[in-house]
Every structure is written in C-alpha cells, then in structure tokens.
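Paired with subunit B in one complex and with subunit C in the other, subunit A is shared by the two complexes that follow.
Up next is the complex of A and B:
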C-alpha cells in the first residue's frame, strides 16, 4: 500500500511542472531561471534584509529575556505567559478589539455606500468626491491628529465652542476618549476603500445589469444579486487591509491620549511601543508583536472563510 | 405609473445622497481648512472663546516661530527620504514584477506566495526588531533606516507584477528575435509599457513614506534627522498649547504632499485600483 502511494504522490508535481514549463527546453528553463533571479535580486535583497530577517528576529527575541543590558537569558514561553497575566496588556487587547470591531464594518459599509452613490455621477464630480475622502490619508496622520487635538481642546477647541459644552474634556474622559479615536481613525481609513470600490463597481459586467433590468429587477435586486457577488474580492481585500490598519492603530493614540486616561485608550501597538521604547524590554515587546500578528492572521482567515462561503 | 414612481423615488434618493455627500465632503475638508487658517491666526484669535472662522488679522508670527526651529531641515529630510524610497522602490519593483509576471522559472509560485503572505503581515510589528537590526548595521538615526525598510515592503513588486502581466508575450519574443539582450528588452520594451504602473507606484510610495510616522518615530532620534511629521509631533509634545505654531507645522507638512497628490491623483487612483482589482 505504502509503496503504491509514494510514486503517485511523486508523479503529481512533475505533471504540474510540465504544464508550467510546457514547450521549453531544459536549457531554456535554466537560462530563464538565472535571468529571472537576476531581475529579482535587487528587490529580494531588500525584502529578505528588511522584512524576512526582522520577522525572524521578532520570533527569536520573543523567547528571550532581552532588555536594557542586552541578552539576559532564555525566557522560553515566559514572555507569552506574562502577557496573559498582564492587566495592561489585556486592557489594551480589548481596546484594540473594540476599535477593530467598530471601525472595520463601518468603514467597509460606509465606503461602499459612498462609492455606489458617486459611481453614476459625472467623471468630474466623482473624482472630486473621491479626492475629498482621500484627503485625510494624504494630509498625514500627524497633521490630521494635531488639528483634531486642537478641536477637542476643552477651552479653545471648536467642538466645545459649537456644542456650548465649554470645559468638557473629550480626550481626558475614559468614556469618550476611545470614541474620539475611532472617529478620527474612520476619517483616515475610508479613502482607500472608496478608491477600490469605485474601480470595482466600474468593472461590473454591464450586460448582466441590463439583462436584469429588462427582466424587471429593482435597483436593490441588481445591487445584491449582480454587483455584490462581483465586487466580493474587493470587499475581502478592503476588510483585510482595514483590519490590519485598525489593529495597528498607534499614531492617533500616541499623539492624542498616550494611552490614557488610565489605560482607557491603550492599544496593543501602543503598548508594544511603550515596552520597547520606554522600558527597553525587547523580548516582551516582540512576543506581543508575534501575538498581534497571529491575531490579525486569525481575523483575516475568518473574513476569508466568511466571504468565500457567502459567495456559494 | 409604477415606473414613474420609481423614477421619482430614485430622483429623491439621489438628491438626498448628494446632500449627505456634500455635508460629508465639508466635514472631510474641514480639518485641512482649519490647519491652514489656524496657521495664520494670532494667539488671541486661537485662544478666543468664540471660534474665528477666518483669520481676521492674518499674521506670519507662527511661521516665524516655526522657522526658528530647524523646520527647513525637517522638510528637506522628508523630501530626501520620500524621493529615495520612491526611486529605489520603483526600480527594484519594476524589475522584480516583470520577472514574476513574464518569466517561467523554478520557485516562482513559492516566491510569489511568500510575497503575498508578507503583505498580509502587520507592517508595524516588524519595526521594533528592525530597530535592533539597524542598530547592528549602524544605520539607526540615519535616513537609510527609514528608506530601506520601505523599499523592502513587497506591495510594489505585487503591483508591478499586475501591470507586467498585460505585456503581450509576442512583443518580448519579437525583441529577442531582433537580438535584444535581457536588459535591453526590459528598458526598451517592458518599461515603456508599464510606465503608468510605475507612476502609480511612485506616488503611492512617496505619499506613504512621507506619512509613515511610526517608522520615522522609531528610527530617527536626533533633532537634525527628524522628518516634518516627527517635528510637529515633538513640537506638540513640547509646546502643547501653542496651537498656532503647531498648525503652521502641520500646514508645512500637509500642503506639499496634498499639492503633489492632487496633481498626480489620476495615476494614483488608477494604480491602487488596478493592483487590488486584478489581485
């Protein structure tokens, strides 16, 4: 039995290889391989040097006690165990989850609505709106954040002046601070999804829509039965990038609240930064980095699964 | 009857959508407006109890104060960093994307999957280990420490692969028959065809690296090495209540990049859309 299954398994990749290199002599494949890697070399140097190696460092350091004095010994799983007993980390984890769970669906749904509303407009109006919603992304997180910080200021800020709530400290109140951050994150997150959705909606097969309209389909039916399945890959991509971005929410936190008041706005990313930068505990910081990467991978996998089964 | 009713409804809905969109547009433009007008306001106007919608006594005081800091140096650093990252990314990504799209070689599928997986990684997580690597390479606190990781990020290769796939294989074969070498084929046949993609990638990289605050914050320490984003962030930390000065800094950071973006936005929107739609 065993002997039979081995050659069958060995045959399979050979067949696949033959199809990819069909009609090419061995010498040609070799020449192509060499030239391809020469073309890839400059890019691979950067990719391996500044993406792959840091990833490896991250995983390796997560098992070490590495602090101010440098290498202090092997930690085994201690960094990981500490994390689950660290109250600040757990608080940061739930804050991050709250941000993701609120921001991802609203960003996706809202950008889809904006895109379908501006798609039938004239090209000029469409690109005007697209540009406007992209503006906070281009302006830059720092510039956007400092102006919001001023607007949220209890005494000289615009918000209190308009609402007549002078003295109310939006960012100093544990109940409102995180919602202010989610709101700003929202304005800096919808630009790219809108660009992507507008392009995807423009690519939907027009003949299918016309056929459905002839058959008397309503606008909503056309949207859900024809457009929605066709823009599914874009939706998935948007869900994934928005999830990654929301999980990594950092600049807003650092500039607006520094995680305060009393850790009410700590996120995992901000806590990692604090650990590495303030306390110089690189081992622990990297362990949290690994966990964050794993959490994001799980979220992305779930989104992948859900959207795939939705699609039938 | 039914039809005209639907038409009326859809017209009503369209007007409603337009009004909402218009209000949102105001909301989205407003921060930039508030930065620019704020940078010209006097301290009295900024700290007034009533909002001043437009600077009534415009002043350059905030900018004078800003340039008593090494703000020009910060701006120059930012430009050097963004241009360096842009040029290196475009060059390496165009070469690699072409090879991935048009060459058949051993390990292509594995390599491509590896690049896609890396793209799904949280970028900021690897910044802390990068800091240690840069310390080891003695590049910490130099602009290289910000440029090199930006170039390594595989999004550019991915985007360039999408564009290179549109090149007809016959054209490459024709060039080969005419006796053109590999590099010549790339620069005289491939590059002109993927130019729009390279343009999109250039703007994308420029804007992103200009605004990549986290990487800059971790890598650049000394005041003379700061970028403009770091400069404003630190000014905000040091002089938290001088909003006029901070708005001047924010304006200095935002206006060049917004102007560049508006000038090239056509290529930009085409580019990111294409990279994702086809992916």
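Up next is the complex of A and C:
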C-alpha cells in the first residue's frame, strides 16, 4: 500500500529543526527569509490582486444593491433571499448538479479506462491516442461548439442524417438539450484526465505488480490493490478539476442554447453571467457567485474526505 | 483537514469568486478591448476613442472608417480618433465591463435602446442637447418624429445624435415562391402581403411544393434578431408591443394572442417550424442555404451581407398584416458620448460626431457606410447615382411603414429574454398561449423602472 511520503525535515522534532538554523547567523537567516519572500512576491501579487481582492469584493458586493449606475443601497441578505426564491436560479442549480453528477464520474471512469487500455501500448501508439483525446482540449471552445452545432442541426445535421431522424431538434428540445451539453462537455473534458492517468499509471511501481502476480493476484486484484492506491492522488486531482470545470460550464451554454429551451440548460455560471452582464445586477450576481463557490468548496471537501477514507 | 487541502479549497473558492466579481466594482476587467490606434492626426492635442457596433460597414471595415477619420483630421488635425470594433455577441459585455472598470470609450455608436434607455438612464452618458439645434431637430423631424423622440429620455435629455435608420422586414426566396405559385399573394409595388390569410395560404403552398425543408423558421433560441419575431406577431392582426406612452407591454392583447395562436397552429401543421436552438443568425443562414424559404430578419444591410452566399433572389417584403399598412420595427443608429469627466475629450467627441453626421460631404458618406437610410431630410437620397441605387430603392419602398419606436420603454433588456422564453414556452413546450403571454407581460412590466 502507498505510504505517505513525509519530508524528513518535517518528521524531525521542533527542537532539532530549530537547531538547523542555530548554526546560521541571524543576518543570514534574515537574508534568506527576505530572498524567499522576494521569490514569492511576483506570484503573490497576482494571487492577491486577481484572486484574494476580487474574492473579498465579491463577498462585499453580494450584500449590496449594485447596478450599472453604481451603489444603490445596502441589500443585507436580500440578494441571498431572492436567490432561493428565484425559480430560474433553482432550475439552474439543479441543471448544474445534473451536469456535475453525470459528467464527473463518467469523465473520470472513461479516462481511467482509456488510460488503462493505452498505457501498455507502444510509446508511439500511446502518444497517438493521447493526441487524439487531447485534441478537443487544445481546440478553441468556439470552434468545437460550431462543429457540434452543425452536427446537431435539425435540417442538415450529421447526427440526424446518421440516425435517420431528420427534423429532430436535439438542442431545441428540453428533454435532449441538457444531455447534448453533457455529451459535448464530456468530449472536451476527457483529454487532460487521460494524459494525467497515463502518466500516473506509468509511474506505478512495477516490482509491486510483479510481486503480486507472483503471489497469484488476478488482474482485478492487481488494479484495486496495487494500481488504484498509487494513482489515488491523480484521481483526486482529476475529480476536483472536473468538478470545478463542470460547475463552471458556461461557454457551451452561451454558444449553443442561451440557457434554453425553457431554461432546460441554464447553469448557475450562465445565470451569473446573465445577471451581471445582461441585467447589470452585480450585487445579485456576486451573491450567486458566493453560493456557487461554497457549493464547489463543499463538493471538493467531500471528495477529499471520501478519497482520504478510501486511501486508508 | 491539513494545510495543503485547506489551501486547495481556498484556491478553488477563490477562482470562482473572482470570476463572479469581475462584474462589479472598480476592479479592472479583461474583457475590455484595448483601443486600436487606427486613427491618424496630430500627436499632440486631444485623443479620443470610439467603439462601434457592427452597423453595416461601420463595424469591422477598418479601412472605410479610417477614411472618415482621415477626412475629419484634414479639418481637425488636433483631434486624434482611435477606433475599436465591437460585435453583438460580446459587445454589451465589453461595454458593461468598461463602465464598471471606468475605462469607457469617449464615443459609442449604437441605437437608442442602449444609448438612451440603458447607459443614458444609468447616468453614464453626456447630454447632447447642444447638438440638437433647432435646425438639426427640424431636419430630423422632417424624416420621422419618432427618431427625435427615440433619441431622448423621458425627461427630454438627448443621449444620441442619430446618423441613419432603417425598417426591418422579412424576405422570401422568390424562385421557390414562384414555383409554388405563391407570389400571387404579394403586392410587388408596395412590397406587402395582400392579407394575413394570403400569407397563410402562401406558406401552405410552399410547404406543399416540397422544395424546401421548411417554409420559415420562428427562431427563439435567444434574443438575437428578436425584432423579426416581434414584428411577425404584432403585424398579423394589428397588435402592438407596448402602449403608445411606452409605459407598459401589451403583448398579451387579444390581437397578439390570436397571432401567437395562429403561428402555433401553423407550426403544428408543419407550414412553419419553431426552433429553440436557432437565433436570427442561424435562421438567416438557413435562408441563405435554401433550407428555409423565408427569413423574418431582413434589412438592406443583411441583403448586402448575404448577397454572395445566396443562389436565388432574396425578395424583401413587409410583414403580413390584416391592417391597412404594416408597422415595421425600426432601427435608428447614431452616436453617444460616455461621460468620462474630461471636458476637452467631450468637446472633441462632439466635434467628431457633428462632422460625421452633419458635414455636407461626409454626412451622406457616413450614411452610405452604414448601408441604411439618412435621418436627415436635407441629405435626400444618398444612394442616387451609386451602384446601390436599385437595391436600396427596394427597401426605400418600406420606409413609410416605420412603426412606433417602442424600444425606448423601460425593462428593455429583461423583456428580450422574456420574449424568447415566451416563444419557447408556446412553440416548444406547448403552454397555453394566453397564459404565456400574460406571464411575459407581467414579468416585463415588473422590470420597468
């Protein structure tokens, strides 16, 4: 089983660690500390400027009535109360949850399956498949959606030609539109997980696998007992990024359905954009942003917890 | 939870919050286009920036706009004009970002629904009343009093100085209609349908002829080109979109409900298609491809744009109505100035606008660049003697059908979403027409401030 690798220094008792510095002059320690902070400074400036400060602004504005004309009054919790009474937001919330609940497991499972299949192949073949699956990731979202839109076209689309369902409106039907979005999201999301899984599976300790095989372990046992624990950190990373990407599904909706038909494809992220940029209700949009962030945080925390349990 | 996990969670939370926060406050946003230095002029003096939406060749034909700026600089060398082109997909987002970030351009070219009802009402625009001299007002009013009224707010403040206008109409595939023996339902001289009943007969004939996948598409996938579906519904039985004072929406009137029911029946009969995945651009493409035999989103500019794509004769015609004359939606485009607090720039911007719109030589040229018609009687027929004369004459016939310019009503932005949602409810989900129309009116009226 995987052992958590803890840096040696971290295992040392505090007194011992302190002694490492005791040999250094105070001036040297101060100089090294300053150097360390200077190295951190460029990224820290960006992190504070583009993440921390906007985050604080977002929370503050969520309690305000703030529109195009500027500050219009203190809203208190009104934005939050309105949100939970807003039928479109509720619909968008459930659509988002559906996308996450369907997309995250399928993307993760499919990526793992594909990676397991292509990992033992020759390097050239492996690279070819990695390229093929990664192509939608590097292709612009607009280009991808234009192609899908053409495929879904009810009159001239490839899909209807193949299925013999000419005239069926995949994106214009409330029952099928959300599944079309999920399918496109799936195809654009699997590239990175596959590349990560191929790398992770390639790093699995072969001696452990050979030892297990010598002991008579089946392929399934080798996977669950040897490989799975070792690729768990990668799985956790994939789960978290896929969850965040799914929660923030926006461009596909904007380009393909505008949230329709009848709000069938509205997502929280799209609704936030609508509120902020179409209706210019920045306070309300920020309140939704706060709630979305909390939801993602909860989902991520659950994923950490679950994978920690699995990891023993 | 250890420190690493806490940091990871904080990062995930932060990324989401920072995305949402882009819309508010004084935070700088990345969606704002950087001014392009396409202008010429003196290195010193006043430098102003203009953003234009795609209004004919004003949007994206840099060389043509540069010619105007060069002509302007020949007369005003101390004012440098930079131009940035917007599109209708992202333009509003870019402007909103610029307003919240406090880096709006000096001049913006668009219509009253944005310049007056949106940004003007929010106090972001400069009062242009001094440009509206008695002479200018009389000149514009001589073409249409609606244009004058559309350019000012309810309190009489002018936020737009108009350049050009048009009426939005529909178009048919003439060859398909001829083959279906459906041209008999259209008056070629007036470019009108004989009656609503004749329009219904025409689409049934086209459907029966089997030449196209669908006679026409009622697009309701978004707000793009929604003036077409509004005009279609309002005209069929003489309904109106708002009351005369522009204080409330009236789309649930008996005439409008009857029109929606008629269209719903036509969709069920297969004589029309309703498509919740199509916006106007998609419908126009379907028309240009020959998939549909008509488009509800046509005007002179669209005809010029799609001329090279079609292999048939696109025949412009007014919307069908049972009234004496149709009431077409109008488009009025002109200039507004954002109030950036710099008097020198504001004055320079006014000078530029005045030159572009009112100069005896440049004014007509500016109108021709838009592909629409002048709002000034003094400019006469700006296409006379040009290669576009015959083509524009086709649309000139419909200019007298310009209906009420109701786009200045409050809650305009909200009602656009409500409108296509209502169409989706009726045509896709099959909801009761009266109920859906009532819901539309209730929600849209609630958005009027």
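Going forward, the second predicted complex is superposed on the first by the 288 of 312 C-alpha atoms of A that agree within 3 Å, B and C clash if a C-alpha of one lies under 4 Å from a C-alpha of the other, contacts with A are read in each partner's own complex, and residues count from 1 in each chain.
In this section, a residue touches a chain if its C-beta (ideal position, glycine included) is under 8 Å from a C-beta of that chain, and two chains touch if they have at least 3 such contacts.
Remember, predicted model here, so these are calculated numbers, not experimental data.
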First (subunit B), second (subunit C), both or neither touched by A:102: neither
Contacts of A:285 with subunit B and subunit C, given as first, second, both or neither: both
Which superposed partner A:300 touches (first subunit B, second subunit C, both, neither): both
Contacts of A:263 with subunit B and subunit C, given as first, second, both or neither: second
Touched partner set for A:151, first subunit B, second subunit C, both or neither: first
Subunit B versus subunit C as contact partner of A:67, first or second or both or neither: second
Touching partner for A:203 - first (subunit B), second (subunit C), both, neither: first
First (subunit B), second (subunit C), both or neither touched by A:173: second
Partner chain in contact with A:133 - subunit B first, subunit C second, else both or neither: first
Contact breadth on subunit A, by residue count: subunit C or subunit B: B
Footprint overlap on subunit A, where subunit B in one structure and subunit C in the other make contact: 50-55, 57-58, 61, 149, 155-156, 240, 244, 247-248, 269, 272, 276-277, 282, 285-286, 289-290, 292-293, 296-297, 300
In the complex, subunit C residues that touch subunit A: 1, 5, 8-9, 11-25, 27, 92-93, 96-97, 99-100, 118-119, 122-124, 213-214, 220-223, 273, 275-279, 286, 289, 291, 413-414, 417, 420-421, 424-425, 428-429
Complex interface listing, subunit A residues touching subunit C: 50-55, 57-59, 61, 66-69, 149, 152, 154-156, 167, 169-174, 177, 240, 244, 247-248, 256-258, 260-263, 269, 272, 274, 276-280, 282-283, 285-286, 288-290, 292-294, 296-297, 300-301, 304
Residues of subunit A that touch subunit B when the two form their complex: 20-21, 24, 29, 32-33, 35-40, 42-44, 46-55, 57-58, 61, 114, 117-118, 127-144, 146-151, 153, 155-156, 158, 161-162, 166, 187, 192, 195-196, 198-200, 203, 218-219, 233-234, 237, 240, 244, 247-248, 250-251, 254-255, 269, 272-273, 276-277, 282, 285-286, 289-290, 292-293, 296-297, 300
Sites on subunit B touched by subunit A in the complex: 6, 10, 17-18, 20-21, 24-25, 27-29, 31-32, 34-35, 38, 46-51, 88, 91-93, 95-96, 98-100, 103-108, 111, 115, 118, 120-133, 148-149, 151-154, 157, 182, 186, 207, 210-211, 213-214, 217-218, 229, 232-233, 236, 241, 243, 246-247, 249-251, 253-254, 257-258, 261-262, 265-266, 269, 272-274, 276-277, 279
